[in-house]
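Take a look at the structure below.
Chain nomenclature is as follows: A, B and C, assigned in order of appearance, with residue numbering initiated at 1 for each chain independently.
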Amino acid sequence: MVRLFGIAIGAVFCVVLLFAALSPREATEVDPTLAFHEHPKKVHWSWDGPIGLGVFGGYDRVQLQRGFQVYKEVCSACHSLNRIAFRNLGEIGFSEAEVKAIAKNWTHEVPTINPDTGEAATRTAIPSDKIPLVYANEIAARAANNNALPPDLSLITKARPDGSNYVYSLLSGFADVPANFPADRRPEAPLHYNPYFHSLAIAMAPPLSAGQVTYAEGQPEATVDQMSQDVAAFLTWAAEPKLEARKRAGVGVIAFLLILTTLAYLSYRRVWAGIKH
Amino acid sequence: MSFPWANHYQPKHPFMQWLDSRLPLPRLVYNSVGAGYPVPRNINYWWNFGVLSGLALLIQIVTGIVLAMHFGANTLVAFDSVEHIMRDVNYGWLLRYAHANGASFFFIVVYIHIFRGLYYGSYKAPRELVWMLGVVILLLMMATGFMGYVLPWGQMSFWGATVITNLFSAIPVVGDSIVTLLLGGFAVDNATLNRFFSLHYLLPFVIAGVVILKIWSLHIPGSNNPAGIDVKGPADTLPFHPYFTAKDLFGAGVYLIVFSVFVFFLPNYLGHPDNYIPANPISTPAHIVPEWYFWPFYAILRAFTVDFILPAKLWGVLAMFAAILLLFFLPWLDGSNVKSNRFKPVSKQLFWVLMFDLLILGICGGKPAEEPWVRISQIASMYYFAHFLIILPIVSRIERPLPLPNSIAEAVLGKSEPAPANAAQPAE
Amino acid sequence: MTTVEDTTGHPITDEGVRRRDFIHVATGAFVGVGAAAAAWPLVDQMNPSADVLALASIEVDLAPVAVGQAIKLNWRGKPVFVRNLTPTEIAEANKVPVSDLRDPQTLAERTKEGKANWLITLGVCTHLGCVPLGAAEGENRGDYGGYFCPCHGSHYDTAARIRKGPAPKNLEVPEYAFTSDTRVQIG
């Protein structure tokens, strides 16, 4: 009985599916701009480790500090980094006094309430504060940026596929519109052509130019490529600050488990010695 | 239990005797997972996945309980509280990555456990209820996994919840009212998040309860085995402890190593980048996909593209639920009186065709709804239903199985034939 | 049959010898260590998180607190009383023989040198944790003119020392330091 019902129901599903599979498809137009998309350029990051597998290798503190400098002097004009507190900057090598100074001198202040009048007010930031928002809300952000929204960058490298390479490629990948690009799809002002951006037309103007940031003595030259890599590394840290602790723990845990599993295997073989199965 | 030759619990220590005569908990443990449970001696590494499923459930419950101490089930703070766990809570990153990847690994071991049951006929009499309780667990796991994925309140959380709850709108007449009831509003919002959190916390304990029922019902006939023949005497079995506790410990070690590789080195590999973008009710991501473990069923859902008497949407929903619910009837759809595919050459081939079919469905489910994936998923869905509902009932009746060994002991100790080649495949 | 077995399927080996087998002991030890190590993150996650620890100190401007007045602050989730003592209150506190006190402490020990008028204490009764009255204008300040806990009737004097009632200790003085003449950092 169950089998007969089963065959009947199965036949119904199969007929409907067959009907669907055989029904003609509407010709879908292939987006002519698809061919202009490029995958992010691969960078060998410090956290990829010596053999590139990502097992070992942490952050390069000096690079992160350069990246922070780029963020602070360039990106932070429009992009917030609101999940990072100033105190976190201690983790990339700034001293307590430096962190205090960075917080105190930050362009934007922390919103608060005037204790006497109860009205909205601002105060200077302290290390325990999150890096303040650039715009009070999305409407303000869009109003100031031709209706485009500069995303918060705290998680940007985890929120995009191949994020670190993507951020680097996007920043260093602005280009002129190729000559053979479909004329009706050419990005027009205020949009800019960027083959790494999902729509190829990004509202952000090329933010970096050579020498825009003055790196400290003894640091690499501030080329667009170098600054893009540095800020991408900094944002990778901002998105995944526990990467080093995670990998260290992972190496220890897996080494321990390998020994445990070997012992368990020997123990298992000992228990089963002479037993056929 | 039901084996006359099973070891009997005889507490040696006076305290254990005292306890056993008042609360026979040690006896229960001894008889369920101790030396008092005789297990077919020929079971292979694929039988490790039952215990591994239990381990995976335990990891989820433990990490979940501590994550709930820091999570805020409110749309205003849910995303932030997850980031707070990742950045500020001591070992929060470990707990959250273990929980997120633990869900995927739970499904991996359960799927392998199910495939083992399919291959060796573990669902057949007298273990129908063991199998059906397993399907109940699978359904509960899917509900739990789905609701858990909503909690971080990222873009995929929000839009996954929107799409899946909208499935119910396919139900004629009352569909829209049901969706409103499920959501507690007209769209996925705070009420939805809050009830999903409540249920996501509850269901794992329901799963644990069903697991106990399942083990209980398993212990009546005892475990199936690769030969699929019944245990006949003491020579066919070994006590669970120490033989299979030792084997399961080794299996657990291997499992934890693979799990750790993901938790510590590829923590976001099985996740989706869009879920690191806070939920935005007015902007849908370009390409919505559920978690990988739903992909085969998602492919079946989307395979129905054409209205055929009923609307395509309703067909898709019916088919997706039917694809899982048909497993309840499997013990009766399969009419063969031989369990193990080892002795059924045609069924064995069909099993591997089904595995390939599920792989194809899984790939299609993860792709955008475009050609050629839609047509491939239509053909693959067709095979899925045909396999369980048409081919299996017919083939199981007409296939002539190979001769079965007289007993497990005979098969293992090789009186008449060499031990089967795949008796002890190493775990992956 | 290549193995000698008894009827239960147990190979006939001495259970005791097998249990003492080094490899089993080593495996068991590793499982134990592993379980203990895995339990640590589950326990440690209950300790204060990094953001909570970062808020462990606050800075207060004392300038607006007039003589005879007190303010109530929130520090680490608990109330802190900052009182600007009047000369009379200081004199009263110093008059009490220390040996008469349940928790013997002089006012000088409870304030900073040269700042005897600034009495900074936690506003948490040492009995069972209620917030005593007396910091705000017009509240009952108890029999000794300091603070009064309404939960179980503990009376504190002008140096916030316990004088009467069930509380065992004086109101706790938190760790603090003057960063300037009128600014103080608590914690």
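Everything below uses one rule, namely that contacts are C-beta pairs under 8 Å (C-beta built on N, C-alpha and C of every residue); 3 or more make two chains touch, one makes a residue touch a chain.
All of these numbers come straight from a predicted model, not from anything done at the bench.
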item: Most distant chain from chain C by Cα centroid; value: B
item: Selected interface, B-C versus A-B, where C-beta contact pairs are more numerous; value: A-B
item: Inter-chain centre distance, chain A versus chain C - centres from mean C-alpha coordinates, in Å; value: 41
item: Whole-Å gap between the CA centroids of chain A and chain B; value: 33
item: Euclidean distance of C-alpha centroids - chain B vs chain C, Å; value: 48
item: Numbers and ranges of chain C residues touching at least 2 other chains; value: 2, 27, 31, 50-51
item: Shared-contact residues (touching 2 or more other chains) in chain B; value: 41, 87, 94, 238, 249, 413
item: In chain A, residues with contacts to at least two other chains; value: 257, 260, 264, 267, 271, 275-276
item: Chain B to chain C touching residues, read off their complex; value: 5-7, 38, 41, 62, 66, 69-70, 84, 87-92, 94-95, 234-235, 237-239, 249, 413
item: Interface residues, chain C side, partner chain A - complex; value: 2-3, 11, 18, 21, 23-24, 26-27, 30-31, 34, 37, 50-51, 54-55
item: Chain C residues within the chain B interface of the complex; value: 1-2, 5, 7-10, 27, 31, 40-42, 44-47, 49-52
item: Partner chain A, residues of chain B touching it in the complex; value: 41-43, 83, 86-87, 93-94, 97, 238, 242-243, 246-247, 249-250, 252-254, 256-257, 260-261, 263-265, 267-268, 273-274, 276-277, 286, 303-306, 308, 312, 315, 319, 322, 326, 329, 332-333, 335, 370-371, 374-375, 378-379, 381-382, 385-386, 388-390, 393-394, 397, 412-414, 419, 423-424
item: In the complex, chain A residues that touch chain B; value: 2-3, 6-7, 9-11, 13-21, 23, 25, 28, 54-55, 83, 88, 154-155, 158-161, 163, 198, 239, 241-242, 245-247, 249-251, 253-254, 257-258, 260-261, 264-265, 267-268, 271-272, 275-277
